[in-house]
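Take a look at the structures below.
Both of the next two complexes hold chain A, though its partner changes from chain B to chain C.
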Partner chain A sequence: MDRRTFLGAMAGLVPAAAFAQTTTVPGTALQGTASSPRSLSIGAISAPNSLDPHFYQSPTNNQTLRQIFDPLVTEDAEGRVRPLLAQSWRAVDELTWEFKLRPGIRFHDGTPLTPDDIAFTVERVPDVPNSPGSFVPYVRNIAAVEPIDATTFRIRTKTPNPYLDRDFTNLYILSRKIHTGAATTDFTSGKLAVGTGAFRYAGFTVGQQIELERNPDFWGTPTGWNRVRTRFIPDAGARVAGLLSGDLDLIDGVPVQDVAHLAADPRLAIFSVASATSVYLFPDASRDQSPFVTDRAGKPLDRNPLKDVRVRQALSLAIDRKGIVEKLLLGQGTAADQFAPPPAPDRLPGRPTPTADPARARQLLAEAGYPDGFGLTIHGPSGFFTSDVAVLQAVAQGFSRIGVDTKVETLPIASFFSRATNREFALFMTTYATTNSAELLRQVALTKNPDTGAGPFNRQHYSNPKLDAPLLEALRTFDGERRVGLIREALAALDEDAGIIPVFYPRFNWAGRKTHVRFIPGNAFGHTNAVFTEPV
Partner chain B sequence: MSLAAEAPPQQGEPQDGPRSSLATVWRDFAASGVALGSLAVFLLLAGAALLAPWIAPQNPFDLTQLDLLDGRLAPGSRSGAGGIYWLGTDDQGRDMLSAILHGLRLSLLVGIGSALVAGSAGTLVGLAAARAGGRADSALMRLADLQLAFPSILIALMVIAFLGRGIGNVLLALILVEWAYYARAARSAALVELKSEYVEAARCLVLPETRILLRHVLPNCLPSLVVIATTQVARAIALEATLSFLGLGVSVTEPSLGLLIANGRNYVLSGETWISLYPGVALLAVMAAINLAGDHLRDSLNPRLER
Partner chain C sequence: MLPWVLRRSFQAGLVVLAMTLLVFAGLHVAGNPVDILVPPDADAAERARIAAVFGLDRPLWRQYLLFLERAVQGDLGRSFIHNRPALSLVFERLPATLELSVLALLLAAGFGISLGLFAGLRPQTLPSRLIMAGSVVGLSLPTFWVGLMLVVAFSVRLGWLPSSGRGDTQAVLGVEWSFLTLDGLRHLALPAANLALFKVALILRLTRAGVREVVHLDYVRFARARGLAPSRVVGVHILRAIMIPIVTVIGLEFCSTIAFSMVTESIFAWPGMGRLMIESIQVLDRPVIVAYLVAVVLLFVAVNLLADLLYRLLDPRVGPADAPANATAGGAR
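Let's turn to the complex of A and B:
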């Protein structure tokens, strides 16, 4: 052993030193910019895995591809469906919808957009092999796409679907002439990354960056940028440092603790939106025995306490949502008063934000037969959303206060979701983002049924007839007012049963160089792309 | 040493002479201020870690004692309950002083525990290999070489990925990473000793081979192994901190020093530097103390080094 070993051992101190590299951001030169006036440099937290718009239904892929491709219709930040490629649409009857395309739309290579391209897109979706998250649920119910004239077409559905227009918000339209037989790799290589969007493909390195150039023949208002380069930088400190050093013009995923000091910087601006994301806890309320539930001494219990509605209500009452939002999220979020997030117009109106009530929670536990509480290990992903690990610990803190001796285990995203789907957890934390309460309930809380595709994210196999009946009725009701009434009935049933315990709704923040770029959040999903920016 | 009663006089012993006595080693060691200072720092930190449950103002692992509303308070702030957070709090309202003391306890437990187990196992393997020679020796040493060829952190990551996180698995991963160092050193030391005259003499008395190995050869290999152990303790602490920093070590509600540093990292740019800084200082202090003390111990034990 010599002094080299000593130095080697000291090199193990990297954890202590790692943050030092992100602190090299003195308030110096923002004037030395990386971008000329007409180009934009974005630092984004997550990287798309492909440029095939039908390969992976994920916010990351969708937000990136939205620059090259367009859907028929789109959703705004308040959750309303807005025209895009389609200028108008209506339900002719419960099984038929008629869409009218905006005239004169062309793909990047000059090919005109026709109604047959929508038929092709619907046909192609099930034919994308190895998709880690398919778009099939959006087209499964479509019986036929029938062109009427050069811009008009009708979509026939197998069963009534009042949300058909909404189903098209993430489905980017391809061309039968250009994309017949196109493989996923043809898009990722750039060869067939040809859409109708405001930007053209100019280079893509998986996991690194994507480069785009202006589409001068864009059907809408052409963008003010000549070139846009988006670099994928998962590390928050590196993104913030990149912005402060002038290397980046705009970053997303601003860490909550950095919002205040970036907002105070005169050269920078913070842009934000109340997100459509609902962060929730999902208890195992269906099985008689659940893993990770024990008595206080760690021995297995003969029944699953989480099956008792009073226990679930007690757990909900134990959470200090206000404390979580104020202390952990530093105000960058809203305490949850129900499962559906604020941008969903059909959520329950006028509900008070619940405050932590440990005394009442203890009383409920005692009534349920657990006056001394029990032992519980709760699970959550790490690095999935802002402050996820810290929030889960705060939840555990609340549970412990009412006598539920709680341990926390966090896992990397890949293993977390597969284990959650395998029903390996008693209670876990995750998120769902939508502006449509009916979709939220259908995906997460409706009794699982693989045949109809109901409840694909109902990982705890929750089942509540008082929720199912009104929801299934709502999903085939075209009368808007009646539908909203049914959905609210289902939301209230879920809330009363505490089948899902909502925690908070995060706020998404972007930071940009004030003199160069303005960011206008285009939807409530926190999508980051150049379409939602304009030069200053 | 009880050797004298068993074995013939050991004139041929390599570390013969006045140096081999503990008192001389200590005198040598104590002659250096740095050595004494680092030993004192280590003993102070180890003592504080050992007594953490009694001297820490708070039990940072007990969630009912934490209050979210006391989160991210600066050092010296007053808590809601009236106490003072001398080193501030982290985002969960955990008293950093208590968290560091308990984290130090975990770090030392992991470091010393893994060194003891890996040291014993590795030494036995090394001795057995040296004694057996031939194919068994080659097989064991190639296995050790193979393992040494991989970076420790990679092996530890694979073990954790396979077994899952938790303090027991971290300990196991560290033992699997470390045994090869001891085995290598024990084998080479034992090879030298096995050729020496006192071993010959012991063999003439037809003592059992295990007895010769454990009672005669092992004690003479120990000095070098002790020095390896000191550096390996520091390495193990660093490795555990790295694993925890990467989110693969201990549970988030029972943080070690590495995890405390990782948690605080998010707050460095926003100015709450104490969450990372103090655990980092504690980690630096304990590792530097162990390494410096181990370094001087090596010098004191080395008969060939003239100062």
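Let's turn to the complex of A and C:
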């Protein structure tokens, strides 16, 4: 979810480190040259590629467009689905959901919001040409949207989907009257960037900045800002400098090295939230022979040691997660105790934080028939998330300590993901972000099936019947309590099998001028926008 | 003259063709854009749809032939990310880079030549020694570090100049320019200075070396002996004789500033072509990468052509490349 956010954060690490030493001197700047009291100037890592809310399903587009448009429902920082345009909803039966819209909602031009607009939105999603990643997976299963009265409508699905409400958290609602026939360029030019949101379009330069003005007729509490300008600054050092010099009021993607010294600055405040991102290792547990696994002398092995659950458990026990979080992330993260991240409400409760246990790991290796270990090359992205290369090196050190002679190879993301998808690695590190454990397992760990399209990000073709059975059952179970039980059963099965080796969960940090702005993270995906701010 | 221009254009065409082939092959080896673009919540059907939309499901040679077919009609494809013609995306970013490069080069030529003349004419004085020592620093400091230091000094500590962005722009003929507004000029100052620093040092050293060589030649002495004003001796006799290498370097530097100012553009969040290129490489946005490189190759060719023409103005002995060198030299005398 936050691939691009991470990318930007990483891109600026080196220059930002230079600032860490040079800018702690109390400056003479930062006298509020940026903004008058009711205007806000934000510096954000990444730039949206269009203002069409259905053109690209990416965190950057979603976070930006959330200011102009609204979804039916939204997700909070604890991963719960909350009302927004819809004030209430329920599943009537397994194939029918009923939503009630908040009355009196109008688009920026005065057009009232009607249930037919939801039908229009669902129709439009597959009709956006050249989308590099669309919302189609969310609406493919919808058979019909049926208006009942002025504020009530029903959504009928082709197959049971207990997560239908969650599917609408990033799908922004357009108007049939305003947006029929609208092309992506009509949004980007501002002509049809007309939504129900708290802000109105006031200017957009692709790759540079977006300007917004207050929507005085907003259906909720109107924002305290008159104007908001968000500038897209990929370089972390430049963002920090912009904040310190007073050009910017609020920045996102604060590099971990800068958190402490910015927090110590009396003029600034750090705002922080636990991320829905899980950083994990994915071992090849399915093939009999795997690339990059050898004996200690470098000769190929006749069987793949990663196929043995004891080897995978040993590797997990070899990782010093606490050390990684404290030393490499400077505390800006949490050691992982399971695959699902902390903001997921349906994760396994009450799990102890694992500590490195090299002795037990060596014993497991010996039991699996590798008393002298073996040789391994592990892969990871570079410049994908904070300290990614260093984390992978720390993992390799842990492996080597128990006798698994490990080399590290990191690649730019442009090649890394393609090679990982092509099954070219024995074990690699990557991330996934969601607050829904069922989605996490369905996308990453569910047995890949080309016919049904299951497990699209199961790059190692992992397969565990003890995970699949409860998960598939959960994905069609409407009883919430029972569903959570099934998901936890699947999570436990994955954990026991060490099919995926979780490492840590990062944190998102923002920094702002204390006397001007307060940032209240609205979700666990690190979205940066003015909707989540208030004037001080 | 005309055959020479035609031959240059033909060569440029071959270079562009070879370059597109390399980019296609190289990016194909590097990775699949679908793996970068695909949202994490996508399913297999969505993956297949994305590949089909961009034609990435076809074999590479088919993709390349299709590209050539469209390129001949002036269409270099649409950006995967922005869903807009790649070429217009590149040209949209060109003015920002252009004004930055031109300003940096003006600064570099102005300071470089005047300081170089001074250091060349009065080599033993203290200021000259300081200038030469400074030029070594200018040549050896990495751009990204200098950029950060400029920001720390002038934006963060002193608060005189903004740290990033383009500031207010003024539209002329539908193109937004920063250098026409005061705010825009303030935004331009730091990145232009950062880009210029290395070039000042380079041009300064070239100028000084040229002056040192020429100043003792007979024609300069005779010019002095004839009682010409020192300004005329320096401005006409010396400067003209040393300009050829300087023009060459300025031409090359101008190209490379336009094409490769990515570092400066990232540090100062300057929305130019360099930043577009970096962003496109990160997501393997092939049409934009190709369009950008085609534009850069054509730019290099054009600027080199211009530099060749300038040589001929500066030194009549320089003739067309296809004419026998000694014949021209003799004829011009």
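Annotations
As a convention for this text, the second predicted complex is superposed on the first by the 505 of 536 C-alpha atoms of A that agree within 3 Å, B and C clash if a C-alpha of one lies under 4 Å from a C-alpha of the other, contacts with A are read in each partner's own complex, and residues count from 1 in each chain.
Methods note: contacts are C-beta pairs under 8 Å (C-beta built on N, C-alpha and C of every residue); 3 or more make two chains touch, one makes a residue touch a chain.
Given the structure is predicted, the values throughout are model-derived calculations rather than measurements.
After overlaying the two complexes on the shared chain, residue contacts for A:A396 are found with chain B alone; chain C is out of touch. Legend: residue contacts after superposition of the two complexes on their common chain; A:P255 is shown touching chain B, with no touch to chain C.
Of the two partner chains placed around the shared chain by superposition, chain C is the only one that A:P456 touches, whereas chain B remains out of contact.
With both structures placed on the common chain, the touch criterion links A:A297 to neither chain B nor chain C.
One of chain B and chain C touches more residues of chain A, and that partner is C.
Legend: residue contacts after superposition of the two complexes on their common chain; A:A264 is shown touching neither chain B nor chain C. In the superposition on chain A, A:V206 makes contact with chain C only, not with chain B.
When the two structures are aligned on the shared chain, A:F232 is found in touch with chain C, with no touch to chain B. On chain A, the patch touched by chain B and the patch touched by chain C overlap at residues 1, 3, 14-15, 18-19, 22-23, 25, 237, 241, 412. Those residues of chain C that touch chain A in the shared complex are 30-32, 35-47, 49-50, 53-54, 78, 80-84, 92-93, 144-145, 148-149, 151-152, 155-159, 162-166, 266-269, 271, 275-276, 279, 281-284.
Taken in their complex, chain B has these residues touching chain A: 62-64, 66-69, 71-72, 91-93, 165, 227-228, 231, 234-235, 237-239, 241-242, 244-245, 247, 251-253, 258, 261-272, 276, 280, 283-284, 287-288, 291-292, 294-295, 298.
Here chain A touches chain B in the complex through residues 1, 3, 5-6, 8-10, 12-16, 18-19, 22-23, 25, 236-237, 240-241, 255, 257-258, 260-261, 320, 323-324, 327-328, 382-383, 387, 389-390, 392-394, 396-397, 399-401, 406-410, 412, going by the rule given at the top. Residue ranges on chain A touching chain C, taken from their complex, read 1, 3, 7, 11, 14-15, 18-19, 22-23, 25, 27-31, 33, 43, 49-50, 55-58, 129-134, 136-138, 140, 184-185, 205-209, 231-235, 237-238, 241-242, 244-247, 412-421, 432-434, 439, 443, 450, 453-454, 456-457.
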